[in-house]
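Next come the structures, one after another.
One chain, subunit A, links the two complexes that follow: it is found with subunit B in the first and with subunit C in the second.
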Partner chain A sequence: MTDIYIKGIGNISPQKTIDNSGFPDEVMEYPDAEYLKCIEPVYKKYIEPMASRRMSRVVKMGLYSAKTCLDEADIEKPDAIITGTGLGCVEDTEKFLTSIIQNEEKLLNPTPFIQSTHNTISAQISLFLKCHGYNYTYAHRGFSFESALLDSILMFNEKSANTILLGGVDEITENTYQITKRLGHWKRENINHLKLLEYKTKGSIAGEGSAFFLLTNQPDKANYAKISSVHAFYKPENSGIIKNEIISFLSKNNLRVEDIDVAILGLNGDKNFDEIYYKLTEEIFKNTVCAYFKHLCGEYHTASSFAMYTAANILKNQFVPDVIKFNNKPQRQYKNILIYNHYRNINHSLLLLQNA
Partner chain B sequence: MEELILKLKSEIIEALNLEEMSVDDIDSEAPLFIEGLGLDSIDALELTVLLEKKYALKIQTADEGKKILYSVKSMAEYISQNKK
Partner chain C sequence: MSDRVFVTGIGIISAIGNSSDEVLNSINLKKSGIKLSSYLDTVYKNEIPFGEVKFSNKELSEKLKINSGQIITRTALLGMLAAKEAINHAQIKNISEARTGLISATSVGGMDRSEIFYEEFIADNKKGRLRNIIGHDCGDSTEKIADMLGIKDFITTISTACSSSANAIMFGARLIKNNMLDRVIAGGVDSITKFTLNGFNTLMILDRQNCRPFDEKRNGLNLGEGAGFIVLESERIINKNKKEILCELKGYGNASDAYHQTASSPDGFGACIAMRKALEAANLKPEEIDYINAHGTGTPNNDLSEGKAIENVFESKIPYFSSTKAYTGHTLGASGGIEAVLSVLAIKNNLIFPNLNFENQMKDLKITPVKELIKNIEVKNVLSNSFGFGGNNTTLIFSKI
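Let's look at the complex of A and B:
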């Protein structure tokens, strides 16, 4: 497999992540929030007002984080743009569906309809960069970001690209939140999201984010990390299968569980699903430094992109922030990080990042 | 007519999401497309929808549309002449 490195990152999230000064020291707390919304930058830095007027919030977040990522990597035009999104541009979708109802299927405004497609963000990035290369968006629910990453890896292996802009983007809106809350996805009680794992009740906290990564096949000391492998599996029947998937995944990468310096887990506070992670921390990861992240960004289809941002920063800075520590195992060096995440026990994924 | 032009400018700002603009920034007689405000074909669709929604006026042909949507003033004239 071709070595693939993360050269640049742009991450808009509910935390102060966009300035790329390492994992933020200050943790943002939203005591009364039902769901976690991103901290939005001043878009004017990259987006002209005449262009931004047609863009919904998620399109602007995507474009801004992509440009931040490219600037950090000092790349003007990548060879390909590949994004993953679970729900795409929900706000615009809601706008035109509402408009259909209100206007009795007549007189629809064209802009929300045009902008509501899942691939609007990557299309806007390519228009902005005048990048005519491969452009693809994966909308595979909890596998969206992983599919985009897998496609990137395949492109590098086929030597079809030297640089790829990879992104994971999803937004939360009030309507989407209310609908999914009725489906039991989110906690009904008021919670402090920073203590997400203490509640032991059903549901998680909704979130959103836009994380972009400039991937390259060129080694460089300044690179964040090396992406070694990704693996996805669907609806495992029991925890034994998950354990075997992890061991087999590591074995294919010539590693054992003991070689993992940090396991970043997708714990989201939902008692229906977190048991899977707890079992792993008591068994195969009982001697491993374990970390979690969804109390900072919330749960969404492409949340594993926030985990990849976290892992890349740990490897680059050789430091695990206290706020993400699940346990207190001592560790001196961080070489191999495993991300294990699942979306509602349906879409399970494993990502392996190593020192650049 | 002046009152209608002012109203129309506000409606255009809202419909096209021209957040940075006020009614004073729009020249009533300047072309709306390419020059002037620099609008494009999607904006033309939005303005067509605006005329139909707010004034119940339907542009019948592309040529007619070009003349009506030339400027704020031409839109206002069309509205005052054809409003039912």
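Let's look at the complex of A and C:
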């Protein structure tokens, strides 16, 4: 397999992640928030106000984080743009749907329809960069970002690209929050998201994010990390199968469980879904530094992109911030980081990052 | 990477038939599926024709032997029927005998149910049956198909508007070539919704009559629905199982027009790149293409841009070309899958399909589509175009073995 490195990152999230000065020192706390929303930057650095007014929030966040990522990597135009999004451009979809109903299908404004397609973000980036390369968007629940990453790995293996802009983007709106709340996805009681794992009740906290990564096949001391492998598996019947998937994934990468320096887990505070993570921390990862992240960004389809941002920063800075530590293990040299995440026990994924 | 990828099964449901045999029959009879809608609840019901699948959701559920009390989106129902036909056609009895994946595609997923939910929800956000919204996202129909067929090894969904399922087929082939999978069911599905109807209507690109692709007087597209899936298998397992091969998926290419969110560039720049990439991957010269199944939606913009791109790539050696959208309507995210099935049918049955409703030569183009069905003609290489919003352009090339 071709070696693939992360050269640049642009991450808009509910935390102060967009300035790329390492993992933020200050943790943002939203004591009364029902769901976690991104801290939006001042867009005019990259997007002209005229254009900005026509774009929905998720398109602006996507474009801004993509541009931040490219700037950090000092790449003007990538060979390919590949994104994952669970729900795509929700705000525009809702806007158009609502106008159809309220106006009884007459005299509608086409703009929200035009920008409602799931590939609007990657299309707008290609337009902005005048990039004629390969342009794909995956939209499959908890496999959206993972599929985009797998496609990127194939592109490098096929020698079809030297640089790829990879993104994971999802937005939360009041309506999607209300609907998924009724579906039982979120906690009903008032919580502090920073104590997400303490409640042991049903439901998680909703979130959103836009994380872009510039992937390259060029080694460089300044690279964040090496991406070694991704594996997605669907509806495993029991925890034994999950454990086997993890062990076989590591062995395919010539690693044993003991070689994993940090295991980043998708713990989201929902007692119906966290059990497998606790089991792993007590069994195969009992001697491993375990970390979690969804108390910082919330739960969403492409939350594993926030985990990848976290892993890349740990490898680059050789530092695990206290706020993400699940257990207390002595600090060591961090070489191999495994991310294990699942979306509602349906879409499971493993990601291996190693030091560059 | 030397492995070749073959097509061993096809499945289709569309306005012109609920199986590849029925579709072929309609094509032979030059029978279009475009008419006024029987099932869609819209104020435009008596005004705008569609390429609608001629079954209610209840009838579709019955065909799948699904309990009618269960709420499943029309999108998932259509996808399940076409994918099932493809698997049966490929004579796959044991799905787990090889590493099998499902790569599906859709532009609006389960919107057909979401719009029912939203009518009540926007008046009061505690209202609306949740059963109608849980299938909204693009992954839902894919997981319904995967669960029905027992596919577990790899599943995903692509959503790049009207090139979605062509991209699913391309990604499926690449997964096989990279030795990640042995077999992939790839394609896509979309159902007609008020959302897409009103979207295209507001853009003023819906023809009130039957669409007329590549005609000087063309006046927009007809919205269609359906699903098309093909079974792709690696050379390795085909040799092992001594299977009948329908054709080879020889080339593919994707490029971004990077011109405008909805309009194609006047010279079809992105389309040219996609076609050239596919020809290069297939190691074919333009003159070796026997038939182009064009994207040909019938909108003034697409047909001019695509026509110019074909002129640019093929120069003086323009192959037979036609759009089959006057048969099926524009099935959006399903069109690449449906037209992949049609491309395979052209190769297998020595046919070149007519571009229905063509009468007047376009002034800005030198090229003319095929007007009549051509029979008994050897079709070695078919090039199929699919272009989507955001300038997403994809070309697939299917070849006779």
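We take it that the second predicted complex is superposed on the first by the 356 of 356 C-alpha atoms of A that agree within 3 Å, B and C clash if a C-alpha of one lies under 4 Å from a C-alpha of the other, contacts with A are read in each partner's own complex, and residues count from 1 in each chain.
We adopt the following convention: contacts are C-beta pairs under 8 Å (C-beta built on N, C-alpha and C of every residue); 3 or more make two chains touch, one makes a residue touch a chain.
What you see is a predicted model, and the numbers here were worked out from it, not measured in a lab.
J.: Once the shared chain is lined up, is A:Arg53 touching subunit B (first), subunit C (second), both, or neither of them?
T.: Only subunit B; A:Arg53 stays clear of subunit C.
J.: Comparing subunit C with subunit B, which touches more residues belonging to subunit A?
T.: Between subunit B and subunit C, C touches the greater number of residues in subunit A.
J.: Should A:Leu197 be classified as contacting the first partner (subunit B), the second (subunit C), both, or neither?
T.: Neither partner.
J.: For A:Ile247, using the defined touch cut-off, is the partner it touches subunit B, subunit C, both, or neither? Pick first, second, both or neither.
T.: A:Ile247 contacts neither subunit B nor subunit C.
J.: Have a look at where A:Ile346 lands relative to subunit B and subunit C in the superposition and call it first, second, both or neither.
T.: A:Ile346 sits against subunit C, while subunit B stays out of touch.
J.: For A:Ile39, select first, second, both or neither according to whether it touches subunit B, subunit C, the two together, or no partner.
T.: neither
J.: Name the contact category of A:Asn157: first (subunit B only), second (subunit C only), both, or neither.
T.: second
J.: Between subunit B and subunit C, whom does A:His140 touch in the aligned arrangement: first, second, both, or neither?
T.: In the superposition, A:His140 touches subunit C alone.
J.: So, does A:Pro110 touch the first partner subunit B, the second partner subunit C, both, or neither?
T.: A:Pro110 sits against subunit B and subunit C alike.
J.: Residue by residue on subunit A, keep only those touching subunit B in one complex and subunit C in the other, then list them.
T.: In subunit A, positions 108-110, 114 sit in both the subunit B and subunit C interfaces.
J.: Using the touch definition from the top, list the residues of subunit A that touch subunit C in their complex.
T.: So the residues of subunit A in touch with subunit C come to 81, 86-88, 93, 96-98, 100-102, 104-106, 108-110, 113-120, 122-124, 126-127, 129-141, 143-144, 147, 150-151, 154, 157-158, 175, 178-179, 182-183, 232-235, 346-347.
J.: Going by the contact rule at the top, pick out the subunit A residues touching subunit B in the complex.
T.: Touch list, subunit A to subunit B: 49-50, 53-54, 103, 107-111, 114.
J.: Under the stated contact criterion, what part of subunit B meets subunit A in this complex?
T.: 15-20, 38, 42, 45-46, 49, 52-53
J.: Residues of subunit C touching subunit A in their complex?
T.: 1, 42-44, 107, 109, 114-115, 118-119, 121-122, 125-126, 130, 133-134, 137-139, 142-143, 146, 152, 154-161, 167, 171, 174-175, 177-178, 180, 194-195, 198-199, 201-203, 254-262, 269-270, 273, 388-392
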